[in-house]
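The block underneath contains the structure these notes are about, expressed in structure tokens.
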């Protein structure tokens, strides 16, 4: 087995007396797609928040590409190559779709302190913005204000921002939540092709089990802040504990 | 389209030749206050930080300029540059302490730090001459070997016009730049920006310092204009003026603060002749604007015109 | 982009605005029977607006009296008032507006010394006579003096010289002060000390003093401080709402029951006395630039009577100052037989005229009116006016308390 | 020693008045997430209503202590329903600006109604004069202020921790949506909290009326002080408000006495030091606002 790109050891987070995440460990191999599932309140988002720097863990460690990133601020973690999307839409509504992507690209190209030159004059940024928008099928909406985009397009734009930072590890928080079946299919295909390109490693939370089983190489099941099970989709489907605690509630095909 | 901007500038340049004498003073004040408000809008409209202590930098500029003119008899240009340096340093110090905190705290903190500067200006009598402020400084020369009669209000107006136009141009370029894009993104969602790999706090600090620098420039133009630098220029009510002007004009537009400054100064000039209760009208106008016309007068007008 | 569009929409607006401004600014040449215009600059908004209110009452009364008796040079008088907000820069804009836009013939006003020190130096640019009626900083008729600037009210110098006389007569030796922490408070103490030392070299001016900030709410720490010092006498230059706070808190602490001489430099301002009523203790020395009950002459009698009829309260010093200034202009314009600002300014210099507080002369050397303040010791409540009466009372002659021109530092330009 | 005790007692009475006023500001912030600039104006209204009731109508002080704050709370209900309500779902700066507009309106209205003169209210006979306390002459009225402050402190503490109403308000403060879903009438709670905060400001105004000059500038003076208290103590923290008020009270009480040269700047220095050390205020709850 190769070195894991992300190695989480015994991560804990408590709020007051409540343990939201209680000693979870996880190794993610490069170019792998790992799904993180569990019922609401299982601690998935808190887990994400600690990896991406939004919250400081109470205990435990997070290593990324052989570097300890535990408790680093989000912008540093992002710069190291971890990018995340959010459960609720988190695009810049007052900016155009293209500008949303430009924000991420400006950071990537270290032009964020460029005082007098607009991003729209930077060839590299423009070409990349075109490419990212093209890839997500948003090119025709470039100049539309993000606030007036459809819900599905906003979710896509969210992913576009994530990809624009050229991450090696992508954390997607329910990427297809609230999407139409058509949009869901589109996004699933997109993630699949990105994964197949070999440039990205994915960590995904998702409620839609079809999507999970379709995408994941490996699944981590969380329940009440703890690791309940871990394995291939087949193993997880077969796990009686998981079925009882979680899958039983959902109609598994 | 730029043609119309040229017409506007030409009209402003020609103003002393056709407007009544008093309006040279009014226009000078509008330009200076417009720049002050525009500098405020860099952090308010573009970065989403409501500062109630912006007068600290305006006042710092005014005091530094007045002191340099008084004690060192430097040229106006040198005094202005010195004033900008002083306000930049002050903005760096206050900004460092303030931008770390959330918006509500930020508003209260900037207010309190502004009052701290006020208290110093008031109490450090050996330097600032206390409540009386600094007067009696002389304008000798502009600098750069230019022979300008700075005591002539029309000449001073032209100096202010050139400086304000240049400064606005720089501010405009900043708002349009990559950095400006970052600020707009931060004003909407600082966290998302951080997750793009940008230290948003440092951006807010830099924006705060730039705003302080230009506020200092406005203050440095204001002191020679009124021949005084006094603690009133640092008081929190002075900080409220760019806030009001920006809301009045429209924070979402680069020229909004200038428009707001023009409305504010002209209305103040006219209304105070009719009523002592101009503050009441101002309060009602502000409340209505915030409740119903969030885009400001200029913004609302333009929305009507463009049918947005 | 949007901004370019904005600019394009804005240009015609701005041009329209300038045109509008030009329309507003259209002026007409003054005609023969047109009113003579006075421009007044006072604080008419905010916490200290009571001073602007009183001044305006004095102005209005004088102007109506004069107009009823035929005006000045056959022309009626009128006035326009602008708010200084107590701020130097606002006052300067106000003065520019009055002179260049409203084209007033002369200026009166100024409530704060900060405003005076800023405005006086630019009077040569405005080229109108200015009579200061309230601001007391010696600089206005001292090192800043110029040929356009006059002051009808007593300044800190005059008031403190009088205070020093009162203080010396009490025999108290160790003095300290409680004053507002700005120019007025510090200057008052400085001049008081200087003149008291001249009168009685034995006095001790204590190095421990109390200067609470202007607008302070709780004076207790300062009062306790001073009481702990056990001085023989205390000069109190706190004024306005602050003085009301001060006196009531001092009452609570038994400050006035100590064995100390108390001098309040502007304690006899009627707005303060009326607010305090009998909370103002007996046996305290109060100073004022004008006391309605102190001058036995027909003009004062007429002024006080007319004022009381209108406002049901005795006139304050600020009302009297503004009232006197109007009569000063009347006298000067009649002397010059012109309303030309240069001529009027010339006529004012050295002019003597009758005011409620006696015959007033604007000294040629520095343009300060040779007036003296009134000091009195608080006595029984005066039921008719609702303020404490002053007994004994001493009105100082201007000649007695006005320092020589050389001392003021004025070099008339 | 005596002067030390005098300064100590004086600090306490300044602190208690500041506490009564600032705690209303902080409660409003805690539940509404609104920094109420108009708080100083409401305090001033409390003092002016007292002047009307006691000075003009000749009522004794005690009923005024009851009536004036109720009248101010009624004004607050109107302001909340007509004005503030419209901006809760917007950016925080909007509510800041709106309350700033209200401050301008209240200030100027007070001047239009009562003029710009100075007014005073007499303390009730019971509270006049001095008592000797540890060798220090101390005004009875200042003792009353301290006792009132302490009583309010205890009552508030009991209200928030011991009653159902207090729990409802705290629930609304922590999570408005959650409170709504468990059946709390949140809009009513919000109106109530705003009125309650205004009531507290007005109680401060009534208490201040017999010892401070009532003039149109009194509201502006107190609002900056209240901000400092809240910043030092910590936004949204009830014990923090008490601590902040004590800190500022001591700065005034001792600063005026022992460091007069820099007394103006002292509160801000104190504030800056606290922020350098603990940016969220002494007892603030974590990442600020």
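The chains carry the letters A, B, C and D, assigned in the order they are written, with residues numbered from 1 in each.
The rule is short, and it goes like this: a contact is a pair of C-beta atoms (placed from the backbone, for glycine too) under 8 Å apart; a residue touches a chain by one contact, two chains touch by 3 or more.
Small disclaimer: the values here were computed from a predicted structure and weren't measured.
A.B. asks: Return the chain label for which the distance between chain Cα mean and whole-protein Cα mean is smallest.
C.D. replies: Nearest to the common C-alpha centre lies chain B.
A.B. asks: By count of C-beta pairs in contact, what is the leading chain pair?
C.D. replies: B-C
A.B. asks: So what's the Cα centroid distance for subunit A and subunit D, whole Å?
C.D. replies: 47
A.B. asks: With chain centres defined as C-alpha means, what is the inter-centre distance between subunit B and subunit D in Å?
C.D. replies: Here the centre of subunit D sits 32 Å away from the centre of subunit B.
A.B. asks: Return the distance between the CA-based centres of subunit C and subunit D, expressed in whole Å.
C.D. replies: Between these chains, centre-to-centre, one finds 36 Å.
A.B. asks: Two or more other chains in contact with one residue: find those residues in subunit C.
C.D. replies: 45, 49, 181, 213
A.B. asks: Spell out, as numbers or ranges, the residues of subunit A touching 2 or more other chains.
C.D. replies: Residues: none.
A.B. asks: When you check subunit B against every other chain, which residues touch at least two of them?
C.D. replies: 122-123, 176, 277, 279
A.B. asks: Run through the chains and report each pair that touches.
C.D. replies: A-B, B-C, B-D, C-D
A.B. asks: For a test of understanding, state which residues of subunit A touch subunit B in their complex under the given definition.
C.D. replies: 52-54, 73-75, 78-79, 83-84, 86, 90-95, 99, 102-104, 106-108, 111-119, 122, 161, 164-165
A.B. asks: Quick check on the complex: what are the subunit B residues that touch subunit D?
C.D. replies: 44, 48, 50, 97, 100-105, 107-109, 111-113, 115-116, 119-120, 122-123, 236, 240, 243, 247, 277, 279-280, 282-284, 286-287, 290-291, 294
A.B. asks: Applying the document's contact rule, which stretches of subunit D touch subunit B when the two form their complex?
C.D. replies: 29, 33, 35, 83, 86-87, 90-94, 96-98, 100-105, 107-109, 111-112, 224, 227-228, 230-231, 235, 261-262, 264-265, 268-269, 271-272, 275-276, 279-280, 287-289
A.B. asks: In the complex of these two chains, what residues of subunit B are touching subunit C?
C.D. replies: Going through subunit B, the ones touching subunit C are 1-2, 4-5, 7-8, 11-12, 15, 18-23, 25-26, 29, 122-123, 125, 129-133, 135-136, 151, 172, 176, 222, 226-228, 230-233, 253-255, 259, 262, 266, 269-270, 272-273, 276-279, 298, 301-302, 305-306.
A.B. asks: For the complex, which residues does subunit C have touching subunit B?
C.D. replies: Those residues of subunit C that touch subunit B are 2-15, 17-18, 21-22, 24-27, 44-45, 49, 80, 82-83, 85-90, 92-93, 96-97, 100-101, 113-114, 117-118, 121-122, 125, 137, 139, 144, 181-184, 186, 213-214.
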